[in-house]
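A, B, C and D label the chains in the order they appear, each numbered from 1.
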Amino acid sequence: MTAANLEAMYQEIILDHYKNPHGKGLRDPFEAEVHHVNPTCGDEITLRVHVDGGKIEDISYDALGCSISQASASVLNDLVVGKTVDEAMTIHEEFLRLMQGKGQVEPDEDILEDGIAFAGVAKFPARIKCALLSWMAWKDATAKTLAEEN
Amino acid sequence: MTAANLEAMYQEIILDHYKNPHGKGLRDPFEAEVHHVNPTCGDEITLRVHVDGGKIEDISYDALGCSISQASASVLNDLVVGKTVDEAMTIHEEFLRLMQGKGQVEPDEDILEDGIAFAGVAKFPARIKCALLSWMAWKDATAKTLAEEN
Amino acid sequence: MKGLLPDLDLVRKDFPILERTFDGGETPLVYLDSANTSQKPQIVIDTMVDHLERHNANIARAMHHLGAEATEAFEGARDIVARFLGAPERDEVIFTKNASEGLNLVANTVPLAAGDVVVTTEMEHHSNIVPWQLATQRAGATLKWFGLTDDGQLDLSNIDELITPATKIVALTWVSNMLGTINPIAEIARKAHEVGALVVVDAAQAAPVLPIDLASMAEEERPDFLVFTGHKVVGPTGIGVLWGRRAALEALPPFLGGGEMIATVTMERSTYAPIPHKFEAGTPPIAEAVGLGAALEYLMHVGMENVHAHEQAITTYALERLATVPGVTVLGPADAAKRGGAIAFELDGVHPHDVAQVLDSKGVAIRAGHHCAKPAHQRFGVQASNRMSSYLYTTPAEIDALVEGLEYVRTFFKLDQ
Amino acid sequence: MKGLLPDLDLVRKDFPILERTFDGGETPLVYLDSANTSQKPQIVIDTMVDHLERHNANIARAMHHLGAEATEAFEGARDIVARFLGAPERDEVIFTKNASEGLNLVANTVPLAAGDVVVTTEMEHHSNIVPWQLATQRAGATLKWFGLTDDGQLDLSNIDELITPATKIVALTWVSNMLGTINPIAEIARKAHEVGALVVVDAAQAAPVLPIDLASMAEEERPDFLVFTGHKVVGPTGIGVLWGRRAALEALPPFLGGGEMIATVTMERSTYAPIPHKFEAGTPPIAEAVGLGAALEYLMHVGMENVHAHEQAITTYALERLATVPGVTVLGPADAAKRGGAIAFELDGVHPHDVAQVLDSKGVAIRAGHHCAKPAHQRFGVQASNRMSSYLYTTPAEIDALVEGLEYVRTFFKLDQ
């Protein structure tokens, strides 16, 4: 791995989100809470979702983990809170596409905003799970919320 | 394996014992009966021992197996019936020494008589168990007999 | 000869061991024991060596270069196995140490209660009998089995007595390692699924020679579990495969505990990883999985249809030639189209050990014994048999060598006197 | 430096992977992840290749040349393992697929009943925790454990509460894979044997570095079972060892069923082979056992005393050098004489993943995570740690490279700003 790759992974944006995560902490009200772990390394996240009238009112979370997993939870919070569930799912898919693209996918900045900073992470198979931990937890929690509604 | 080795293994004496086994069949009286198998190939022997006053009066057996295992039971019968248990154990040890000698042991013909024909078998690790099947069964049965006596 | 691999000479060159000779070069190896274990092409050996010399690291856990390379190679092998089997999902492929472990894994974890019935067959390898004996004994369940017809087929006449609502498992071999018989697994699976039983297929002898495409099988005819073993598909020892339908695998509790099969561990309790890792406790056979991947790529490159055609051509020829040897009786189906590449036979008047020993002196390697199928031998009233088994590198000339060898055995033991 | 292997350069030449470089040759590999898996000397690779290219056959069952050669090589490897361990009897050596399988084998077969107690420790690898959780859950027995002192030793203060007549098993690691701690297994075994408990020692990290001589241990201090794994002793993956005292092994029922573990099989019932084969169902990892034999011969040739001295020298040096890096805290004993070659540490302000990632960009391979020892991490209030681990090929210069790398990590994450 070259130094350039390393810089691509640890972009300033990522390190900023890591140092000052947005929306961190567990808050009320919420409809679903999930706990996800990355078995390989032990990174953990507890995540709550508050959905009201099809709109994501809040994502609150408590997470232990590396810079990538922490920054990604922060970016998730930025991107998804305030959006409708449908819009959020589209963002989620775009993020997934980026992360699973082996570094070959050109991310859509209009959709992912700060999230495009994770393009460099996609080149490191071992770290993709770190970046996806919070997103998978969010998807799971949202699915639970919707299931309860019905 | 050379043809010479093959001839050394399948000596006339062995083939003769195979075709006309001595003492075959299960007979009364007996003090102990054992059943031994060679798990690798399925060869089996049921063997009875009749000991009286420290002397081996009879070894009777029913066996399924290859030429080597059959011939060896026949030679066992020849060598051991009529001997005292102590004498028989000495013969057993000499036979064991021959079979485990990797073809390097010079057998004592005075003790082993026809049994020296098995010298060639000792060069074939896979066949040593065949030659020993009846002898191990005999030892086991004799030990049972002695244990019952005490 | 129709069906033979057109580039058989080239295929043979891929297998270094086929150049072995004995007696100072006089006696070439004639390896007819492939149902016992297959030989390995150079590409399998080289792939393992390259892995060990350049990419060796533990997997999953490691963030570093070598760890990433080893993980990619190992998980890449899983993708290849999935392709080889036509598995609906790659995560349904579990690496085990051999076929036996796969069968034991299922037998140990599948829920069984008193009164339940497990059905197997009289032609199984011990590895598909003993685990079910142990499992049914533990649970107070009952083991039943299909008998065999005189020509070595499954006797399906009492299928309605065997497969009933009490039947929880039907475990059977696709291809018999003794009789060569190919069993109608689709038909039996359909029947088993009607009563809600799980179907476990032992493909240890099928995977080497039959093209398998699980995804294209009708769902009700598709097994729920299938195992095979690396060393019989030109791969290394130390590796086997258990494929299971996702839902069926997910329903099983973990088998071995430890290492990478967990989600989280506290001293009080643990939670488990999703499949496939849930069933892969400890450091897996990494280089072996990589070698297996290379082996299956090799077979797919030759083409499993072609491997199968070759096997049938050789088997047809072998059955014909064996019939010319006085005193030889072949066990199992007479029709090559109905069988795999293992041919068990007896030579009247000579114990199989002695046959094998004398053949070996001519360089001809066959197996003698019960081939881990004692009940099938008992069924046919034989205590042991000879077995020749061919594979994609076997030539008609090698069958000729076997037949000549058998003639020599007859002379050696003076059968005509 | 005292204790270093005198011919370290030559030793390094035996390990082809140590020549790996990255970034087009600019960055040499600095492999400090040997507690995860060790690298393989050429002789191990060559021995396996020779086996596969010239002697490959299935074992035990085959009468032919190749079968005899393969059997001799495989059983010869068992003799070598017995010699390596100083095992009282060679038949007490069982080949498994890894250390985890050995532990699971014992946990699955040892008789446990409601009310029985199994004792383990808080510093175990998951492979010596989860099998006992599963076993005690099945039996309604209780799992208890030794806690740890702040400097990473076993807390033996409540040993009399833990080891009582209700205790059937004491299962513990000889050397911790996270803290490096060497445990007083003789003392604990003596105590356990007084109450009639069986002692299971996980030697996965001990076998690579400590000279072991079971036969010379006092009987009451000798474990009843001991496991280790091939890939950590410069051997291949896919192979491990369970050693057990003959009487202890004989008392266990079979674990996996099938293949070569039987004496006789009928459809109704089976009887089992004597040890070691009773516990080796199916085709074993043959080439892997042969490779393990070569690996242990290699280690014995270097001399386990020398390997141990080297490990201690490197560990002493590493502890010294790590102490110079601001923000580094080492977990476990501070005294190199009391530990194996694994050193877990934290770097204040940077998550271990990020440390490992940045080190890797400099070619330095360490492990980051919980190292399959979550409870030990929890005990010390850390969720993950960094771990460097050395072996007989590790040089002081590689420790320097690690330390420089850590300085670079500090700069990269601007820890001094």
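Here is the rule we use: a residue touches a chain if its C-beta (ideal position, glycine included) is under 8 Å from a C-beta of that chain, and two chains touch if they have at least 3 such contacts.
Which protein is which chain? UniProt says A, B = SUF system NifU family Fe-S cluster assembly protein; C, D = cysteine desulfurase.
Everything quoted here is computed from the prediction, not taken from an experiment.
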>> Of the chain pairs B-D and A-D, which one is connected by the greater count of C-beta contacts?
In response: A-D
> Looking at C-alpha means, what's the farthest chain from subunit D?
Replying inline: B
> Could you state the distance in Å from the CA-based centre of subunit B to that of subunit D?
Replying inline: 45
> Roughly how many whole angstrom separate the Cα centroids of subunit A and subunit D?
Replying inline: 37
>> Counting only Cα atoms for the centres, state how far subunit C is from subunit D in Å.
In response: 31
> Where the centres are mean C-alpha positions, what is the separation of subunit A from subunit B, in Å?
Replying inline: 76
>> Give the residues of subunit A touching no fewer than two other chains, as numbers and ranges.
In response: 1, 40-42, 124, 127
> What parts of subunit D, by residue number, touch at least two of the other chains?
Replying inline: 22, 61-63, 65, 67, 260, 262, 264, 353, 357, 360, 368-369, 374
>> By the document's touch definition, which label belongs to this structure's chain graph: line, ring, star, complete, or other?
In response: other
>> Let me make sure I understand the interfaces: which chain pairs count as touching?
In response: A-C, A-D, B-C, B-D, C-D
> Tell me, which parts of subunit C touch subunit A in their complex?
Replying inline: 60-63, 65, 67-68, 71-72, 260, 262-264, 273, 277
>> Give the list of subunit D residues in touch with subunit C in this complex.
In response: 16-17, 20, 22, 29, 31, 33, 36-37, 39-40, 44-45, 48-49, 52-58, 61-67, 97-101, 103-104, 107, 122, 125-131, 133-134, 143, 145, 229, 231, 236-240, 254, 256-262, 264-267, 269-270, 281-288, 353, 356-357, 359-360, 363-369, 371-372, 374-375, 378
> In their shared complex, at which residues does subunit B touch subunit C?
Replying inline: 1-3, 5-6, 9-10, 15, 40-44, 64-68, 70, 124, 127, 130
>> Show me the residue ranges of subunit B that touch subunit D in the complex, using the header's touch definition.
In response: 1, 37, 39-42, 124-127
> Contact residues on subunit D for subunit A in the complex?
Replying inline: 22-23, 351-354, 357-358, 360-361, 368-370, 374, 377, 383-384, 412-413
